[in-house]
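Here chain A shows up in two complexes: once beside chain B, once beside chain C.
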Partner chain A sequence: MVDAVLQALVNGVIAGALLAIPALGFSAIFAVLRFPNFAIGALATAGAYIAWVANVTFGLPIVAAIVVAFVSAAILGAALEYGALERLGRGGALMKAIGSLAMAMVIENVVRFFFGNDLRAFDLPLARDLVFGPIRIGPQQITNFIFALAIMVAVWTFLSFSSLGRSMRAVADNADLARLKGINPRLIALVTVAVGSGLCGVGGTLIGLDTSIDPLLGGRVLLSVFAAAVLGGLGSIPGAVAGAFVIGIVEEFTVLALAPAYRLAVGFIVILVVLVIRPSGLLGSKAG
Partner chain B sequence: MLTYILFMLVVGSIYALLAQSLMLSWGLAGLVNLGLAGFFAVGAYASAMLTTWEHTPIVVGVSAAVLAGGFAGLLVCFSTLRLRDDYLAIVTLGFAEIVRIVASNEVWLTGGTDGISGVPVMIARDTGVWFHLGTLLITVAAVILVYGLQRRLLASPWGRALRAVREDQTVASVAGKSIVRFKAQAFSLAAAIAGLAGALYGHYTSYVAPDQFQPLITIYIFLAVTAGGNARPAGAVLGAYLLVAFLEATRFLAEIAPGVTALQAAALREIAVGIGLVIVLTLRPDGFLPERSQKAPVV
Partner chain C sequence: MTEILRRHILGAGVAFAGTVAMPAILRAQTGPIKLGTLTPLTGSGGSYGPSMATTVKKAADEINKAGGVLGRQLLIISEDDQTSPEAGLRAARKLIDIDKVSAIIGTWASAVTTAVVPVCSQSGVFLSTVSGAEPITLLPHQGFLIRTQPTTTLQGTKFGEFALGANAKTVAFVSPQTPFTDSQFAALTKTVTAAGGKTTSLIYDDKKTTLRTEVDQVLRGKPDAIVMGGYTNDTAVLVRDLYRANYRGSLFGFGYSVNKQLVDALPPDVSEGIYTLSPSPAEGSNAYKNVSRLLGVDSPDTYSCQVYDHLNLIAMAMAVGKGDTGTIIKDNVRKVSQGGGERVETAVDGLKLIADGKKVDYDGASGPCDFTDIGDITDAKFRYEQVKGGKITLLKIA
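The block that comes next holds the complex of A and B.
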């Protein structure tokens, strides 16, 4: 029993790290553009497929495939924002949310049109699990975990030290004040959407490396990503990371106790509980 | 061919009920319900379980479906009504997923992924065309009933207060209206209408399974309601029938397109629906039948 709990804990921490990447993207977009972007799941799927093409069809190494996924998901996300969603914003945040859900359906079906519904796997060397006492870890899990941590550090560095990142935080904090300071909100929104979407693409790729990819890859983690963001406090960047680790671990423990299908229910229940008890989340400041 | 047209009209009427549900919560109260498919499913299952396994009369099943839908609506909106509207969007989206997970996994309760077959029908099936025609009359009657109800609600003080809440919560609450109560009532009533739609659907197809309640139904209805006019009952009904016509037209187009597999054709249709929704939201957010502004009552 103790062994199973330890194993679930390790799996949960790794799953949480992977979840944190799209959760960061979702939270960043929410913080600056003030709407829940329901297309993030589809962007994760699109990123995973593009990385798969780069890796399997063109034979690029995994690291290069991840970079390709970031760049193409960033372009796709920015194109959605400026091609479709920005104009809907005049009708309010909910209009954008609904529009993003419709766009998610479009992306998912474009993927399905070209690739079908079959499961696909990345071109990875077969490797034996590493055994540490009672715990087994796949080498690919460790690599993914390190990738995820590296990306979190990169995002943190970008937000803390680059002038663009600091402008993003300024707009998220107080858009009017930021404008007075000469920050162009439209440019910042563009950068945020691009970076956030890119992170979703990378997140989808990492999840695909961990298991396999199919057109519903992103849709399946959507609820977990929302739960991570709500638990951490909608729009809070460190909150999204903390929330993702909690969700990842709780999901693994749920699998120990209940049918695996109920992994998906964890996110929903966490969202409900957080909204009833503490709507601002673990690290958020306001939820008015 | 006649059967096919009747079938489409019944489906259109079911969608018209769902569209009225969405019109009430979204168009009037400004509450976005991304889990419409979930409430639809709750109604379908409630009535199918009662009538198939407990052999209750269909009327009892349908009434139970309405209650179950309304109760589920209350539960779902309860946690978020005091918060920003975005939270309700997230929670309702999750709710629809949860309904499908529970329906697929709790075999003892719902029959699992096999679903419930042999759900009693409202008109005997061996009457051929009359089965479809009779069911159509019943569903159209339900649409007219709900339409009449909505019209009355719209004209009532309750409807006015609801729109006030939608337009400006602060002003409405300063005027002494309880925002949370109005929202909860509207959302719950809307969910009950979706439950009714689900029950009628189950008693028509005589089969209820998790796969019938895909999230894309919610998108379909959003398209219907935005195209028709999201704050007028007539707009929502019109939009639903237009939607079915559009879906069927794209089905034919996809079938005659050369070199496209069935899966690809289905994908193309959904791409068309998604793009269609965004275009309608952008160009005609008020729909073909926009909301009429009401004159202030003479004091």
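The block that comes next holds the complex of A and C.
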């Protein structure tokens, strides 16, 4: 039983690291624009497909494909915000959230139109797991974990030390005050959406590297990502990471205790419990 | 208002309503006969639905070119069930209430069919499906349902025999929750335990992108063989994780999930050796060759073959019953599918014979197409295949 628990913990940490990337994107967008952007699942799917084209059709190495996924998902996300969602802003956050759901369906079906429903896999050999005593772990998972950590560090550095990152935090904190300081909140909002969307694209690619790609890839993790962001405190960047790890681990432990079919319920239960007990989430202060 | 005036207005109203209604009645008898296809164009059945819908459309075009049914053209309206019961039910309602179809052809996922059966039978619309879940034909469908897919219970038994044939003693059944999970596992268990073996089962969530923990759970039981009950996308995830976990036993899957798409998506050594089982279309029959020609592919999938048969049977049943309602199709479908008569393999041939007053017995692209009272097929052959060197190769048809 100890073996099973240890293994579930390792699996959970790795699943959490993969969830953390799109959760970061989701939370960053929420922090600045104050609406839940449900298009992130579809953006993750789009990013994964673009990375797949870069890797398989154009023969780029995986790292380059991830960069391509980031840039293209960023452009796509910013274009959606600029072209459609921003105009819905007058209708309030709910209208934008609904608009983002609609956009998600559009993106998903555009992907389906061009690529069909077939499964796609990256041009990578599938390696057997490495076994350490009772624990087994895949080389690709270790790579993905390192990628995920590196991206988290990069995001944290960007937000903490770059002037653009500081402007983003300023707008998230108080848009009016930031405006007085000469920051253009609209531009910052677009940059945030671009960065957040890019992160989703990268997250989708990492999930695709671990499994395979199909048009529902992003949609499948949307609930877990949303639960992670709510748990961590909507709009809180460290909260999103912490929330993602907790959700990843809890989902894996559920399999030990309950029939795996109930895993999906975990996300809902977490959202419910957080909203009832601590609506601001684990690390959120006033967001929520 | 005077009594006379009131009568005049009422009379004029009735006359007007009658005039408006008349063309509708006439139209119903002279316009095209509307039939719906409800196939999964998206979702986990998305790799089959489009070719199913195309097959029906093209087969209907051929019937129309040859003069249609009862002198009327067939109009096929295609809807997407998204492989989801909610979306399927909505689409079925649209086909029934707005398009006023006489029959719905092609529901694929058992969960979708289960949702659609009640509205069809209550509305008197005929439903032909390719779903295999045992309970479907036990629903109170009042005869408005036929299926050409062998039941999953039969498939469970065949899987058990297949696994025993590969010298397996401990068989694990790993599947997402579907309407046929329980009946299939029960049939598998019955077969395997009768031969002195044992079975375990694990139900997973098919939306997970990794099944590592589930795989660990399954492998703790040290199975010699694993029967995979999912659809293509989740089975791909399962197969990858079994490979990573160093599983060396035999793997068995449904032909509809371990298909070319899955094999192409996985590195060759990962899918190597997986056994698959699927209902076999009647390869070599003229009907099968017709489907192949209509779709422009060498070996059309079993579902396209099955919906081709559905359309042919429905067209001929309407011709025999001299009407276009679901009830007429229900009452006459067995008169053209079985019970002797001149053997035909296309509706175009069958319709000519029926017009000449002859009796027909349809044998189709998916098999003989004979039905029991509750709508199951009476005879089914299976294809046993194995993935070898990145290709699905035929072992036997039996």
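Keep in mind that, in the parts below, the second predicted complex is superposed on the first by the 283 of 288 C-alpha atoms of A that agree within 3 Å, B and C clash if a C-alpha of one lies under 4 Å from a C-alpha of the other, contacts with A are read in each partner's own complex, and residues count from 1 in each chain.
Keep this in mind: contacts are C-beta pairs under 8 Å (C-beta built on N, C-alpha and C of every residue); 3 or more make two chains touch, one makes a residue touch a chain.
Quantities reported herein were computed from a predicted structural model and do not represent experimental measurements.
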item	value
Clash or fit (per the criteria above) of chain B with chain C on chain A	clash
Touching partner for A:Gly133 - first (chain B), second (chain C), both, neither	neither
First (chain B), second (chain C), both or neither touched by A:Phe113	first
Which of chain B and chain C A:Leu264 touches, first, second, both or neither	both
First, second, both or neither for A:Ile207, with chain B first and chain C second	second
Touching partner for A:Leu256 - first (chain B), second (chain C), both, neither	second
Contacts of A:Gly182 with chain B and chain C, given as first, second, both or neither	neither
Single chain C stretch clashing with chain B - from 91-99, 181-189, 343-351 or 379-387	91-99
Contact residues of chain A, present in both the chain B and the chain C interface	109, 112, 116-117, 259, 261-262, 264
Interface residues, chain A side, partner chain B - complex	30, 35-36, 38, 84, 87-88, 91, 93-95, 97-99, 101-106, 108-110, 112-113, 116-117, 222-223, 226, 230, 234, 259, 261-262, 264-265, 267-268, 271-272, 275-276, 279, 287-288
Residues on chain A engaged by chain C in the complex (per definition of touch)	4, 7-8, 11, 15, 18, 109, 112, 116-121, 125-129, 131, 136, 138, 207, 210-212, 214-217, 220-221, 252, 255-256, 259-264
Chain A contact footprint on chain C (complex, rising order)	42-43, 46-47, 176-177, 202-205, 207-210, 212-214, 216-217, 220, 232-233, 236-237, 240, 243-246, 261-262, 264-267, 269-270
Chain A-touching residues of chain B, taken from the complex the two chains share	30, 32, 34, 79-80, 82-87, 89-91, 93-95, 97-98, 101-102, 104-105, 216, 219, 222, 263-264, 267-268, 270-271, 273-275, 277-278, 281-282, 285
